[in-house]
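Letters are used for the chains, namely A, B, C, D and E, taken in the order the chains are written, and counting of residues starts over at 1 for each.
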């Protein structure tokens, strides 16, 4: 459960805006790479010093500052360079942050989670991606260092290869491309869950076992987390796309609306999956109760046939001195015949009541 | 499940606006037919070249460009001719698109699904129909080639026969007629489901069998998909009907409002069906538990009567040397009488407790 | 189920505005009666010719045109006389229409259902009542001919007897009076259902029988239909009462608000009834499971007491040559005493566990 | 159920505004008392004639007209004196009215229910209190005559004793004080229900008996009625407090906001109680099923141990001529030993499966 | 339950604004401490007399008046000094108040609850904290005296140590810091509940015992109270943060928005926990029914195998004179063999039906 609330409690009592890394520490130093590009040229600077960042953004073109590895020191340094509000810096460092968008006029802050599927499980808290959009720059903060697998890598590739319109358009389009790339990963996670649900549905239909119930509940919880992860992204994109910030141009709004549609599709699919899982639980429970009812019928049929027969056998096993039937020559076959007829009548009755 | 998310994942990582056919490929080349009509005349051109489309729409009257079979090349070509935004073209090619309406000022884009009932099952992803409304033209994109059964055929017939007011009115009325024709198919699908529910209800009332539960759940899922299909159409028509586009005339708005009412009726009926299916599940489960309870009563009555009797028989089957009753002359009929009286008392008790 | 969707499917493919009677045909010709009244006088014309209607409404005062029996021909004729939009005429003829209000500026169209309780069942599709309000006239369309029982009859009586303020006020008040009269019938239907629920509740409390479950589910479905019938009326009255039409005077708005309150009361009562029925289902199910549990306890007590005793009897029924107890003089009474003590201990145990 | 819909049906067919007492008649004549007060003086007139009311309100100061006992005649007379709309008078007489607020410009009409707890049950329709606020007067209508217990009595006392600010402030504050006094009674009713729930919870925890289920469902229905009673009061107070009427002064609005907060607290508590009752039903049902499961285990353990033993005894009770075991000297103790070992093994097995 | 409604009933009948302490009395006299600070200096006055408060706030800088221990007298005195509305004073004294925000123009009143976790249980009514924000002062009312543990202590420390920006900013920032400190405690409570849920989930997965059900329901009720506590705080912060009061500066609004985000995170987490608890209840119930079904199978298998065998033994225990089988030399081993084969066949059948 700790993964839901994070360890926010550790911050209780500190003044707000205190820069303290909250969450799992994934790196002990920050690595900064800067890509500066416009329609004509592209320059890449590695291991950039924080002090020289302001100078780089002064030149015309788009500057993408990639920060990998969160340390209080580097986040604070960059914050000072770009005059970013302490609360934003705090949010960047709190890696258990709820996805969030805030408009500070001069810059926008977007904080998101990447949903990564690793070895068949979805890590709903995998990595917090914080993006700052200024007039001509985007700063992206990742928790992990470059050697780790990078959710923003394909955008980096597109910028470098100068494919598509990304090189021609401004910093707002770069922000869009980064958010879009993260949202695309939600589809991957959803497809992964969809496949699991499909497999489970077939297994339950084939033979309901108690173990499957555990899987079903695990998937239900996955849906809870998925919904919790996606809803704030919807609000976030909706706020971005409402187009109230001067930092985002009209032409980019159309693209943001497209992300919004994707998020709505993800949410609707999550809701459908939830309904399907509920339906599967119903199927599971009623097939369990069907089997139970079968077992009970078996018991009832056997008992109902043999208990009266055993009683009759018991009667003729009594040791009374005067029991005339016991002396009849055909007493034994007669009583066997009576027993046979009784059981046949019983079976007939069961058949009529559709128990067989 | 793959049918819900589509294979959107295959697009992950590509720049937005990349024209790549996503979904099942139903045709490998596009076939274009153009119908140009006004109040007085009608001309039909088959197998039209993309390059000559612009010229055809230049003349007064309404131009209906029917594109059948989606290829990236043809969609891109038409897009270039009519200056259509790459995102719209992308949506047209992604045949797992959520129904969607977008207003680009000069033209409107409407993307819908046709719900077709084939051989007793509803194909919720059957065919994506994309419609572009320009000032005096409508472009319709269908996935399949002409030889296939065509959901827009009856509108085509009406235009050709010049029946009704379709020939007298503009391109916006043509768009309305096409959307209306698609929505009419939703009623057909719903009526089909309604009949299935009616049949199932009678079967469950007659005799609840476990197989019916499977059918019931299948219908519940059908309702989930139906709802998922229809809700976005409601938003779409609502957006169209709000009348904010200059491309749609006042007189056509009344007709769009009529479609909106139809969609609301479909949605309400889906909700009623869902509630009815829940009620049927309750009936099923309680009649199963009723039968179970009957079975248990049977078992209890038989056991409760015969177990004590068998015990008595057992007692007089014991081989003690000194058991005076065994020596009595009327011991045997006496004990039989005691047993009879006991069972009659038991039956009386069961009757009083209303178990019989 | 066909009663929910109606046979709307039969219209699929026809151009909108096609006047075709959809639904059960209740009359093969229309009968038109006109009542023309003002504060001072009242005139009634029977079997009026459609062509002369326009002339009648030209005179000052309120004209109420009562059309009974729907035929495509008469509806079209009246529509032409009063310049009514083809879609409205289509809605009047489709007697499976959802309740609906549309404002066409010069006239308002209101389409409603009358809920009539006949012989203990509610006909949720009984009769469609269509009302057109013009500046100084109301046209009412009923499906059935005059000889049938008439839901608008009491308004007719009030107009004729010139009781109340109906004679002094305009056509908008007449419209209000007609809608109010229909809504009053919803109360009658609801009261009817309320009585059924009350009876059922008593029966379930007295003795839960499986048949009652069927009745309970039938009432639940009644509530579904009731809600489906009443919700659109709420929207309709709400739209009327918002007072945006110049055809409705300020003084009439207060009366419409009153209808609105009534409809809200109907809806709230329907919701309460739904909750009560759910509660009754819970009571039914738990009293069934209580009885089941009683039956099981009975079985368990009998079995638990007699199975061990029967075993002991069985032991002393064995035919071993050397069984010293069998030779004891008081073996038999001793073993009977042991059995008695055992059963008393068992009963004590059951009492302690509160099973008895 | 009749108590939900009232007997509104009896009014069906009458013209709206017909003054007819609907509901239980509690008094056959009206008693009118007038209190006229301002900051300096207070005068009280008993058994006032309706004709002289207008004259009393003409003087400066606040006039509180207390009408006790509803008769069509008196309500109509007062209505004529103060030019009150017939619909309001109708609502006053219909004592099954939903709580309701209407603003007629010159005067406001507030219709409420008093919730009175009598002898441990809550009467949800106990008494309708209708209040009319004019520029300098409040008319209060109660159903019952003065000798009955009076829900407005404490306000009357406050006015007479000139305690608090009620004497200094206007008629709008008097209206507030009356509504506040009624809302306070809702808290009393709620507290009463809260105590019942608490008692029930303890009883269910101690020992779940079927009778408690009946009580639980009765409390659930109480909550349904409570919610039905309180929700419209919330709308009512919200409409009052929105401050759109010139009759209510700014200073009084703060007090109305306070009532609104109280109502919200009542509603929230009702929702909590509903959730708690659902939880208690769950606890009840699962403890019933726990007991059932215990009973079943008992049966299974006894049967599973003794049925095989009884079988063995049965085998050695067979009368075959050649059964060598029967001749062994230690056959009997041996077989008893076998039986003992078998039952011990069984008990061991049950212990391992945690059934004991 | 009394803890939900509080003893508000005790106030019924009193005029509003009556200053009467409602709730548990925690202190019989008030202790007032004043901290006066600005960017440069800080002064602290202990045991301040109410009459001298006005004078202290007259000087420039921020004045924080800490009132500990609620008495009608002191609250009234302070109210008179700062011209605070009687309803606010009433709310401060009613310590069962719902969290509430009111804007009186000159000052804002904020009433909150501190959620304190003591010895493993959460006290949802622990302490009411009332805050009044004036132009340059904050008055905080706590129920308990200084020697008690103080939820506002860390803010006091920060002010005194002049850490962070609290000393540089105005009274509105002090209000923010106090509310933030209280909201932080909600996270602690939530984390506490999260740990309990985690433990319970593991226990239920390991072995479902009836005792766990009680814990589960206790946690469900905790969630109900938590939600009831947090929702009004959300409205409160939302109203504060809407920025309509001139008392709150633009720069502080950003911080209030941050609290709002925290509250939303708390609410979402509560909802997730509720869903998780429902899922756990499902798991519990189905594992109970799984065990039950296992028990039933055991019973059925044993009975079904041995009842027929016992019957056969019974048959050959009958005492008929002419039973040829009894005379056969190999009758006994033969019948044993038949019994063995029968049980093997039975076991085979059970295996085929997957009961073993």
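The rule is short, and it goes like this: a residue touches a chain if its C-beta (ideal position, glycine included) is under 8 Å from a C-beta of that chain, and two chains touch if they have at least 3 such contacts.
Here the structure is a predicted model, which is why all the values come from computation and not from measurement.
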{"item": "Set of chains adjacent to subunit B and to subunit D", "value": "C"}
{"item": "Inter-centroid spacing, subunit E versus subunit D (mean Cα positions, whole Å)", "value": "26"}
{"item": "Whole-Å gap separating subunit A and subunit D, where each centre is the average of the chain's CA atoms", "value": "42"}
{"item": "Subunit C, residues touching no fewer than two other chains", "value": "289, 296, 299, 303, 307, 310, 314, 317-319, 323"}
{"item": "Overall pattern in which the protein chains touch one another (line/ring/star/complete/other)", "value": "ring"}
{"item": "Residues of subunit D defined as touching subunit E within the complex", "value": "154, 158, 163-166, 177, 180-181, 184-185, 187-188, 190-191, 194-195, 197-198, 205, 254-255, 257-258, 261, 264-265, 268-269, 272-273, 275-276, 279, 282-283, 286-287, 289-290, 293, 296-297, 299-300, 303-304, 307-308, 310-311, 314-315, 317-323, 353-355"}
{"item": "Of all residues in subunit B, those that touch subunit A in their complex", "value": "1-2, 4-5, 7-9, 11-13, 15-18, 85, 87, 98, 100, 102, 207, 210, 213-214, 217, 220-221, 224-225, 228, 231, 281, 284-285, 288-289, 291-292, 294-296, 298-299, 302-303, 306-307, 309-310, 313-314, 316-319, 323, 325-332, 335-336"}
